[in-house]
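Below is one structure. I have some questions about it.
The chains carry the letters A, B, C, D and E, assigned in the order they are written, with residues numbered from 1 in each.
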């Protein structure tokens, strides 16, 4: 099944999703659908609400209304830990490396939610830096190393839908390149990926579709093949 | 008889042993405190009250239900632990993520309430509890008479301490706990039921205090106010060990028991102050305590 | 005449802290029993009671009492346990010329260097405690003593009194250790006391310190190894908490015991009904002293402090609390004290059947003679 | 510089805003002052003085905690040092006028504060709190052991004496106005300090210490100064308290007292000027009311309840919550 | 001879419990240059910054400022010498207004920082200068806004203005464009260019387009040691640098932002 993903299978559907932090209304009715095996990006300016969308899916924001279906199941009333158990892997913007844990403990921390995740060796092969520093305290890593670790640890869990928030941030170009290859490989394996990315040139060649977020709404949906046609629209939205 | 600083060696060895016994007690109490602080970042000023509750439940269960010591050893921590879970669920949870000071005040308030209510119900003179027959008597070690019960205290306290340390530092569950306290939301995002984990941890921490309370019931006067005097000392132990360091709390507990014991021999009036002196000195040279991680 | 047509009594005691069981809420009950028994009025004037928790704090107490006497026309302040509270209150009473009857405190300095013409120290103090217990124990052969002393004024005073008595009776204090107040674990001190080889281990402390010390002593087999334990200040409530099994055989001095005669039993039964516990000597003393006070007000028709005090000094006290009690010029109420021994489990017939009285210590023998007094009211 | 008009306007607006705030503050202070001047005719003066002493203590504490972000858990040491020193001097040197005794007490606390500060200032967060606690415990031990304090019995009968040698302080009203004057002077000093250039630096340190360091501030020195001022004022509170009550006792040195001042500050509203004053008034009052009334035996549990309620429901304290409310509803 | 370098390190070493994070680094920053420090993740760039500003204590080696040995100085003293840094994570005083943020920096030069008895109004004389600085970074209209309420990019701008208020001789910037959209990146580039006028800048940056546009000289660190040094052309042509840092396509993924930039400016 993983070799030949069912492209029509709807893995994630957001309809009329609103989200609030206390008094401030951040998401104003997001609608989007992601099918199994797709890689979709959320583009937008700083503060547009992309990270908030991912957090809302994980039930990590204050208040939400609307609907979130994962694998056809309504999850608005699910606690975050239930959502993870549905096979969702989340890599947060702020990395979330645990300082009381060693690098290796950080890596093996998230429980395996499905079979088919990467093994520790595979991960260390991919990120030799982490192997070298595996016994140091998690937060003693350099900024970029922490970013690698944050990404690496959800690859272990076997989650089949990844929500990745700015994973190339602060990484050296070589590593970014490598990450690109990883994402391609994951896609091949049939994983569904929602990618929030600042670095459009990293995301462009990987994605099947792009959603542009502005002021908490999806203002544009662009599929990979119409990318060049809509370049100018995109540039306008992104303020390039 | 050979002497050290005017104190016979035999007496000194006795004092050392007593120090270790008391230290084991401190270790147990400060361990619970360190677990709660280390994992939940809560400064648990209700710890003394929980210790007291452990002892009180032991006595009351015996008086009213005829529950014996061995059963109490299990039941009292369970009951107090459950009570702790309730407190965590209804009160402490609401201030998660706030400054330390709030948890300190909240738990201090809780301690005042618990203690005050029990004082009104049971007075302050203390409740009667007789030592279980198994432990009556003792063994003469040559340099001192060691009551069986004290020997048991050492064994029981150290076993529990070690088990706790092992669980937290060496097991997966412990890793979840440690991580959950840093970023509980993210841990939940990984599929772990963190709120439950936190409630249970607090329950476990206070259960450790209650366990110490059960151990104390036969040898100390059991009163609603018995915890308040111990609290500050135990706190000092945790700070010297390094807030949140599990191993540190255990080792420092024993160390402080010994130091206090020696002070009781050489300059008794200072025995309640000596721990604070040690604390000032230690923090002077090691800002995060003996075993604390650098801030 | 009675001011404002009311006799107002302020009851001040520790209601919530370490000394709560000595006087506390039950002391207030005893006070109210006295007023009720007296008839609720004196010469037609109302008798009113106000009460407050002293929080064991001299400044809380002194602001309470100041307000009572300066603003609320309180005539008598009763109760009082912690010596710091009693001393602070007595200074304010002296300043405002009101009367105080201290029932709970132990410090003998209250009628010695801290005496004032405005207070009476009613139930007991450290002097007879040492006199009664220490001399009895020495006479029974306990020649060498090792003292465990609470490291504060009360403990020091008691230790001093014990030394004096022990030495006067031909004994010797061969060692002493001063422990912090409060102390939970006495094992280290008990060990030192055992190592000293003294005949007697004297406990110059109070409350939880004493009960903890006794429990630990019993655990470490002090009595089995031939040493005697002498607790100098032990209340009925303490012994009750310890239980006869642990406390048996301990000798102590008390100013009163509920089960001494018909009169004490009758009153105690009423007290038990009221409060659910047997009274300590302090409770009985509060009842007795309140009665004495009201009688004096009645006799003189006045609630002026000096008039009443004079009347009280002139009237010998003969009631269920004391026989031939007498209030001296320094404010000390001297009366017979009793040497008691804690019963063995076999002897004890109930929860509160705790003491047997071994000996009556006559008042003159028990208390510090005026000739030794440093009180400013005594012309030495 | 491309829009000079705009930036001048903004600047003007800022200055105006400051002035408006000052006016508001002045008005509030004026009303309070009138109330305080009239108070002893309605309320028992000694009780008012007690409140003022504790209010000063809390204000001192709040300068450190609320405005510098340093939680001292040892402030009782300064209160007691001030009290004992003044008490000892006034009792034993009849030649001293009252204010000299008070100044000496304040100085003693200041010196002690400097000592505490030097030993503790490098510690962070909870360790700072614990070092100050430990030092205060050592001070407590010293007071317990010293002869001059009267140990557990306390120091009694301290003469109130004469202010400047001729104003009789035995009179409660005289005493009250003296205490009030000192309190107001201190309150204004703290108000000034908080808003002074130095206060700005403190604020900066509290909000982001590493940044303050990188701007070239030797933060330890600023913290030490704040600590010393706070200790001095706490000592002054203790000195005055000992004169008002004519006694000094170990209660003042006990760690419970350090805890109580935290409670007062929090209940009133930490980091606000008026908060500690309101908090002290509140706590002293309820303690007094409770210990007198029918709930006499339940003072501790009720106080505990106040703690719990404050933390759960009014975390910004009375004044803080009012300020929040005003901001929300009145712009 | 060393006069031409404002900042110089000699055999700088930092070890963390046996792990060598900075290995014998000799850095020479020329006066008036914008000097970039680049390198793969974990190369030790932030650590070097921390050593220069004494947030970490060097294990060995010397730090020279204008030929003078400043190795023993403490953080605050170094700042007063004129070496001021920004942080990788934005560093502002969150509950002060933008103006007050800058004023705190200016106050360093006033003698009144300990004057607790002086009125706060005595600081108003600094406001004019504050407004100039705010203007310079385009924040004049936010002078009276509490800093927490500012958007991320503006916080960075404010931080820079605060840093400039210190009149530093040398400015240390750690990833000034991190987490910014391209819009903000451009603004920061402009700001840095302006700020660098008459001073020296040392910056860490992963965004190679920024580096190529701004920097006069580049030092590449790898595994704690200096790999190579030179201007952008020289460095980016170095095969070693390509291997450890820039990746196969030579300019690196981020580097392609460069071409994008050209596209849009055309």
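In this section, contacts are C-beta pairs under 8 Å (C-beta built on N, C-alpha and C of every residue); 3 or more make two chains touch, one makes a residue touch a chain.
Just so it is clear, the structure is predicted and the values come from calculations on it, not from any experiment.
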| item | value |
| --- | --- |
| Each chain counted as touching chain D and chain E at once | none |
| Joint neighbours of chain D and chain B, given as chain labels | C |
| Farthest-lying chain, centroid of Cα atoms versus that of chain A | C |
| Between the pairs A-E and A-B, the one where more C-beta pairs touch | A-E |
| Label of the chain whose CA centroid is most distant from the centroid of chain B | E |
| Distance from the mean Cα position of chain B to that of chain A, given in whole angstrom | 44 |
| Centre-of-Cα separation between chain D and chain C, whole angstrom | 39 |
| Whole-Å separation of chain centres (CA-atom averages), chain A against chain D | 52 |
| CA centroid of chain B to CA centroid of chain C, Å | 36 |
| Sites on chain D at which at least two other chains make contact | 145, 297-300 |
| Two or more partner chains touched - positions in chain E | none |
| Residues of chain C whose C-beta touches two or more other chains | 16, 24, 151 |
| All touching chain pairs, where touch follows the definition stated at the start | A-B, A-E, B-C, B-D, C-D, D-E |
| Complex contact set, residues of chain A against chain B | 58, 60, 79-85, 90, 92, 96, 98-101, 105-106, 108-111, 113, 137, 157 |
| Contact footprint of chain D on chain E as seen in their complex | 53, 55, 74-77, 79-80, 84-85, 87, 91-96, 99-100, 103-105, 107-108, 110, 112-124, 127-128, 131-132, 134-136, 140-141, 143-144, 162, 166 |
| Of all residues in chain B, those that touch chain C in their complex | 8, 10-11, 14-15, 18-19, 21-22, 25, 116, 119-120, 123-128, 130-131, 137-138, 144-145, 147, 149-150, 219-221, 223, 225-226, 229-230, 261, 264-265, 268-269, 271-273 |
| Residue ranges of chain B touching chain A (in the complex, touch as defined) | 175-176, 178-179, 181-183, 185-186, 188-194, 293 |
| Interface residues, chain C side, partner chain D - complex | 15-16, 24-25, 50-60, 62-64, 66-67, 70-71, 82-84, 87-88, 91, 107, 109, 114, 151-154, 156, 181 |
